[in-house]
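Report on the structure given below.
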Amino acid sequence: MAEFIRFDRITKFYGPLCVVENLDLGIAKGEFVSLLGPSGSGKTTLLMMLAGFEQPTSGNILLDGTAINAVPTHKRDMGVVFQSYALFPHMSVGENVAFPLQMRGLGKAEIAERVARALDMVQLSALAERRPSQLSGGQQQRVALSRALVFEPRVVLMDEPLGALDKQLREQMQLDIRDLHRRLGLTIVFVTHDQSEALTMSDRVAVFNKGKIEQIGTPRQVYDEPATRFVAEFIGETNLVEGVVEAVEGAEANVRLTSGAQIVSAVSGTVAPGQTVYLSIRPERVDLTEIRGDARNCLETEVTDSVYQGDHLRVQLQNAAHPLIAKLGRRSREFPPGTKVYAAFSAGDCRVIVP
Amino acid sequence: MPMKLTKFTFASLTILFLVAPLIAILPLAFTSSVILTYPIPSWSLRWFEELFFADAWRRAIVNSLIIGTGTTLLATVLGTAASLGLRNRLIFFRGTIRTLFLLPMVVPAVVLGVGMQVLLAGFGLTNSYAGVIIAHTVVAVPFVVVSVTGALAGIDERVELAAQSLGASPTAVFRRVTLPLAMPGVASGAVLAFATSLDEVVLTLFVAGPNQRTLARQMFSSIRENISPAIAAAAFLFIAATIIIGLVVVLSRSMLAKRR
Amino acid sequence: MSAGLSRTGRSLILLAPLLVFLIGFFVWPLFSMMSQSVSDTAVLRLLPRSAEVLPGWDRKSRPTMPMQTALMEDLKAVDDDQALGDMVRRLNSARSGFRTLMSKTTSALGDPANPPADLVSIDKRWEKPEFWLAIADALSPLTDRNLLAAVDLGRNAAGDIEHLPADQSVNRVILVRTFWIAALVTFACACIGFPYAMIAASLHGWKRDLMLAAVLLPLWTSLLVRTAAWFILLQERGLINDLLQTLGLIDGPLPLIFNRTGVIIAMTHVLLPFMVLPIYSVLITIPKNLMPAAASLGAHPLRAFMRVLLPLSFRGVASGSLLVFISAIGYYITPALIGGPGDQMISSIIAFYATGSANWGMAGALGVVLLVATLLLYSVYARLSAEEPGRR
């Protein structure tokens, strides 16, 4: 896919504080990219620079091959959706949505028609005369969305747009936005600190930490093949076990844990024998058996606690040297504390991470 | 419950102390007598007639309107512009400038009056409308600054960013978003500026000539020299105006609050 | 980067008009008032030649011929009677006898038929160094005379600072009176305002609204109207005296107006809102369950009040008191209309010096005293309210 947006060696300082450091990122036309990271990781700053609210200290932002650093916000043609909705409190819903069209000098009839269509798209046609303060949070967010889309911007930027909504509404809106993205072929850059939101909606996820991108890839890649310890821990829950590489064969490595156990694990980067590494094992990929099965990796453990959590059973285990957590499907049998079990997982469900 | 009774009595007496003087003066505006005492012999509108048709009072009212309008315009324009400028956090000495803007509220009027008289005399502005309007604006402008700064502080900055991203130039953002949102603050600032000018006596004593005698100034000398029920009639108008102004301020505040 | 710069430029352009306006019509007047208080050009303005010669004199010996000639030249050149009067008054205040000496001298100098050879030939007193000393000292353009006099101090012949004689010591009495009245009013406001604010904060709904409205209505009402109302109520045949007499509580009318009682009552009424509102705004931020919590921990209600509520509301009482006190020391209208001659505060004296006797030096000096006191108290207030949690 042709590259549409390019961040070219972007650095941003606030006084002495470096919030974005020498960052490169390309986004294709029609792509949905999430910038995921904890607060203060630089993801929102990057979005604000793309929108033109902030200027990079150094580096270029290119849109369709042209540098846009010097282009003021109002000429960038990007629709921005804020977490706080940022609706104009003194205008009705209809006037809010009409605003960007008026700014572009469109005729009255065309504005009316396009506003009606945009409100229809988010099922708010009936509320066009209301003031924003008379709407619920979810409705306000849909107004903000339709206002950001009505002028057919080249890019849509969303800054934690669903952060203020309750869980159920948030999940509904996630699907709605994803649906709009597909239907309209929008290019969306979406900032969030909620990993499940990022995984649900995005074509690609860029994981931010301390002003840098730790990993960028499809949701499956960042979840199943975390490149760094930070990514493994930030996205989902994981077991991190320390060990030393003994041998490397193709895409697999033999790792000896401090307990002495041998593990075979998939490797995505380069590791050398003798190196100290972490193994990341997702709890839901761990099976528990009372007899040693034929899985490639099998650790002897004892159950210390077991908690029923509705959709899964969460079992805490103690190996000779490491605690482990396993999430078992609801059809699994119960394991009372004290039971000796084997924790089994395949080489592909385990990932070597270089610290 | 003796405690409750004590509280009730105390609160009632204090409310009486606060409000009764203002209420007691109202009926006297309608007395037919020339002295300001109860009981009122019979009702009459003669003191309102005096207020509106006696030369001294009528001129004082006209002067108050001229000076009040001038002060309101000047203070509102200067104060609103300055409040907008104060929003920028990059301004050096922002806190000091803000304090300077509020200080005329603190400095005793007599002190300011002495200085103002010396200065305006130097410009040849004593005994002129311009001089009185300038003096009143100095003491009225802090109210505008407080009111408008408050309204501006209530504007979510992201609303303005959103307007920019939707294609509004800086001028359009100001005209379509910032100004309408700050308007209730500007309006209540203007009302307060007018009220300040209307009630200002001390500076007027120092800088105004006989031709700029305002209503407040006229009331002052009338109380001092020959008190008559015309004072009560003027007070009646003031209190009525206060209630109207109070309602305007309350309404604009609640409008402002509703938008959040 | 350029966007940020132009934004700052825009802000400066917006700020500039009010800044210039207030520097011109607020800071400068205060400054010129201060300079009035230390400026002393009544003599220097008329005697430029003497000002050149006199610094060379040893301040002890008999006046030299050039000194006499210079002064004669200066006096002959004077054509402004008012300025001459100002100068004579200034010199006479430093050394009595100048008035007669000067009038004799000027009339002799004004006689073209008989030009005098020197000043001593006009009047023997010109031989004495004391009179020349007074002129020499009065020639300095700056003086601390007014500032010292504002607090009843003066310099004696040797130039040391000492108390003015009792018959000239009026200012300190007035300063003490000003602070005393302000303190009484502050105390009265605190005594009424604190319990009032506490009751208001403990109520809900319309009762609380009523109590607040009762404070806001006077606050928003014209100061003159409130003063006029008290004038009418307090007069000899006013409502209060009438009421008390009708009830048979008193035989003759109480003296309530043109005295201290009236001033305190009216000023307390005027300033009470400034006490109630800060205290109220602090009290409503105190969680409602604190007193029950203290009680559940075993504190007696009075003790709970002393240990919990009072310390927490101290800030409100302190800012309210400062606000009332600051306003009270600068009050002019209420004492001027309700008070008697013995109740005039510093503002009235300033107004008297400025408009009554055109003594700008003294008006300025007392103004400086009041201004400094006000600004000092205000800086304490500003610090107090800046520290206040939950405030901008």
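Every chain is named by a letter (A, B and C) in the order it is written, and numbering of its residues begins at 1.
Everything below uses one rule, namely that contacts are C-beta pairs under 8 Å (C-beta built on N, C-alpha and C of every residue); 3 or more make two chains touch, one makes a residue touch a chain.
From a predicted model like this one, the values you see are computed outputs, not experimental measurements.
Asker: Find the most central chain, measuring centrality by the gap between its CA centroid and the centroid of all protein CA atoms shown.
Answerer: B
Asker: Of all the other chains, whose mean CA position lies farthest from chain A?
Answerer: Following the centroid criterion, the farthest chain would be C.
Asker: Which whole number of Å gives the spacing of the CA centres of chain A and chain B?
Answerer: Using C-alpha averages as centres, the distance is 55 Å.
Asker: CA centre of chain B versus CA centre of chain C: separation in Å?
Answerer: Once rounded, the distance between the two centres reads 23 Å.
Asker: Report, in whole Å, the distance between the mean C-alpha point of chain A and the mean C-alpha point of chain C.
Answerer: Taking the average C-alpha coordinate of chain A and of chain C, the gap between them is 67 Å.
Asker: Check each residue of chain C and list the ones that touch at least two other chains.
Answerer: Each of 4 in chain C touches at least two other chains.
Asker: Would you give the residues of chain A that are in contact with at least 2 other chains, written as numbers and ranges?
Answerer: 72, in rising order.
Asker: Which residues of chain C touch chain B once you look at their complex with the stated criterion?
Answerer: 4, 7-8, 10-19, 21-22, 25-33, 36, 192, 195-196, 199-200, 210-211, 214-218, 220-233, 235, 237-239, 242, 269, 272, 326, 329-330, 332-333, 336-337, 347, 350-351, 354-355, 360, 363-364, 367, 370-371, 374-375, 378, 382, 392
Asker: For the complex, give me every residue of chain A touching chain B.
Answerer: Per the touch definition, chain A meets chain B at residues 51-53, 72-80, 82, 84, 86-90, 99-100, 103-104, 131, 133, 144, 147-148, 151, 157.
Asker: Which of the residues in chain B come into contact with chain A in the complex?
Answerer: Residues 156, 158-159, 161-170, 172-173, 176-177, 180-181, 258-260.
Asker: So in the complex, which bits of chain B are touching chain C?
Answerer: Of all residues in chain B, those touching chain C are 7, 10-11, 14-15, 17-19, 21-22, 24-25, 28, 35-38, 77-79, 81-82, 84-88, 90-91, 97, 99-101, 103-104, 106-119, 122, 134-135, 137-138, 141, 145, 153, 195, 198-199, 201-202, 205-206, 216, 219-220, 223-224, 227, 231-232, 234-235, 238-239, 242, 245-246.
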